[in-house]
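This is the structure I have questions about; it appears just below.
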Amino acid sequence: MPIVQITVLAGRTVKQKRKIAQRVTDVLVEEAGTRREGITIAFHEVSKESYASGGILMADKEQK
Amino acid sequence: MPIVQITVLAGRTVKQKRKIAQRVTDVLVEEAGTRREGITIAFHEVSKESYASGGILMADKEQK
Amino acid sequence: MPIVQITVLAGRTVKQKRKIAQRVTDVLVEEAGTRREGITIAFHEVSKESYASGGILMADKEQK
Amino acid sequence: MPIVQITVLAGRTVKQKRKIAQRVTDVLVEEAGTRREGITIAFHEVSKESYASGGILMADKEQK
Amino acid sequence: MPIVQITVLAGRTVKQKRKIAQRVTDVLVEEAGTRREGITIAFHEVSKESYASGGILMADKEQK
Amino acid sequence: MPIVQITVLAGRTVKQKRKIAQRVTDVLVEEAGTRREGITIAFHEVSKESYASGGILMADKEQK
């Protein structure tokens, strides 16, 4: 019954999310022994202005 | 002082969120004995392409 | 299919969590029109040293 | 290696987020002794209709 | 740069978490085109008394 | 009224958390213009076996 919350930069296609959802679910079924139906995955999309690593917004990293 | 983070499919009306916020707060006050003012609730809305259960995106379930 | 993540101070009894889970699920079924089975709720318990409001840890508020 | 997830009302400027990201990262480097590069911060923006405290939506508080 | 937060029932072994972390990271590198080093995964373990689906705690489902 | 959820490796002292809570709250008051009382911060502590970056558990990185 895992809940998987994925925070990603906006811009992934539906095709990409479909594949990620399928394959992450496969991993949890195979490795954690959980029921397939009990796994929920949500993608939380944030903009480049709303995501930072090392104290620098993604939006600012790109400009360099 | 609970924090309630609710991930839902986009599309709930303001009326629905108002009612959910009120009633979930009531439940926490009554059952957990917490101060009303200390309870915060946030709705994180995701699209049907960003939510999967059982490895299948909501967007794909609907098409069947 | 909402996911409800509740961050609370540790110390709620099983009885309290059972009631909260039931009633919050009821609220979502009644107000958001979601299927009962699709609702998942997780309680994330944190200690008084791991929770602050207004910049002050709960542990420090109590000592006053 | 902390992950910082900040839920805020939408409407902060890029300038504000840039400063918050820098300074929160500084705090964690200085106080928790973590590597700067390992710190990730995400802002999850919600509307006034998606945020409540004390059981009342922000949108409703303003109207008063 | 995705952040993956996984809420699971406590009780997975280190071996299981190691495999899940590796394979979920693989999926994100292959399907989302993100840098391997930028991916962080955290497991938030909750007890059977702190996890409910369909309004019923896992602890109560087992007793049946 | 921001909610700040910080996922960190277990092992920070109360002193460290106190300072982080104070200073992160200061940052949000000063940069985002939010009321001090409305800011809540929770630390979610995870073990080295429950945290991975680049697909490798912290527990495994240390052994090298």
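We call the chains A, B, C, D, E and F, going by the order they appear; numbering starts again at 1 in every chain.
One rule holds for everything that comes next: a contact is a pair of C-beta atoms (placed from the backbone, for glycine too) under 8 Å apart; a residue touches a chain by one contact, two chains touch by 3 or more.
Remember, it's a predicted structure, so these values are computed and weren't measured experimentally.
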{"item": "For chain C and chain E, chains touching each", "value": "A, F"}
{"item": "Furthest chain, CA centroid comparison against chain B", "value": "F"}
{"item": "Chain located farthest away, centre of chain E as origin (C-alpha)", "value": "D"}
{"item": "Selected pair, greater C-beta contact count between B-F and B-D", "value": "B-D"}
{"item": "Chain centre separation (chain B, chain E; CA means) in Å", "value": "20"}
{"item": "Centre distance in Å when chain A and chain C are each reduced to the mean of their C-alpha atoms", "value": "24"}
{"item": "Multi-chain contact residues (two or more partners), chain B", "value": "1, 3, 5, 7, 24, 38, 40, 42, 44, 51, 53"}
{"item": "Chain contact topology (line, ring, star, complete or other)", "value": "other"}
{"item": "Chains grouped in pairs wherever the two touch, ordered by label", "value": "A-B, A-C, A-D, A-E, B-C, B-D, B-F, C-E, C-F, D-E, D-F, E-F"}
{"item": "Complex contacts: residues of chain E adjacent to chain C", "value": "7, 44, 46, 49-57, 59-60"}
{"item": "Touching residues on chain C, where the partner in the complex is chain A", "value": "1, 3, 5, 40, 42"}
{"item": "Of chain E, residues touching chain A in the complex", "value": "1-9, 12, 16, 19-20, 23-24, 27-28, 31-32, 38, 51, 53, 58"}
{"item": "Footprint of chain A on chain D - complex, ascending", "value": "5, 14, 17-18, 21-22, 24-26, 36-45"}
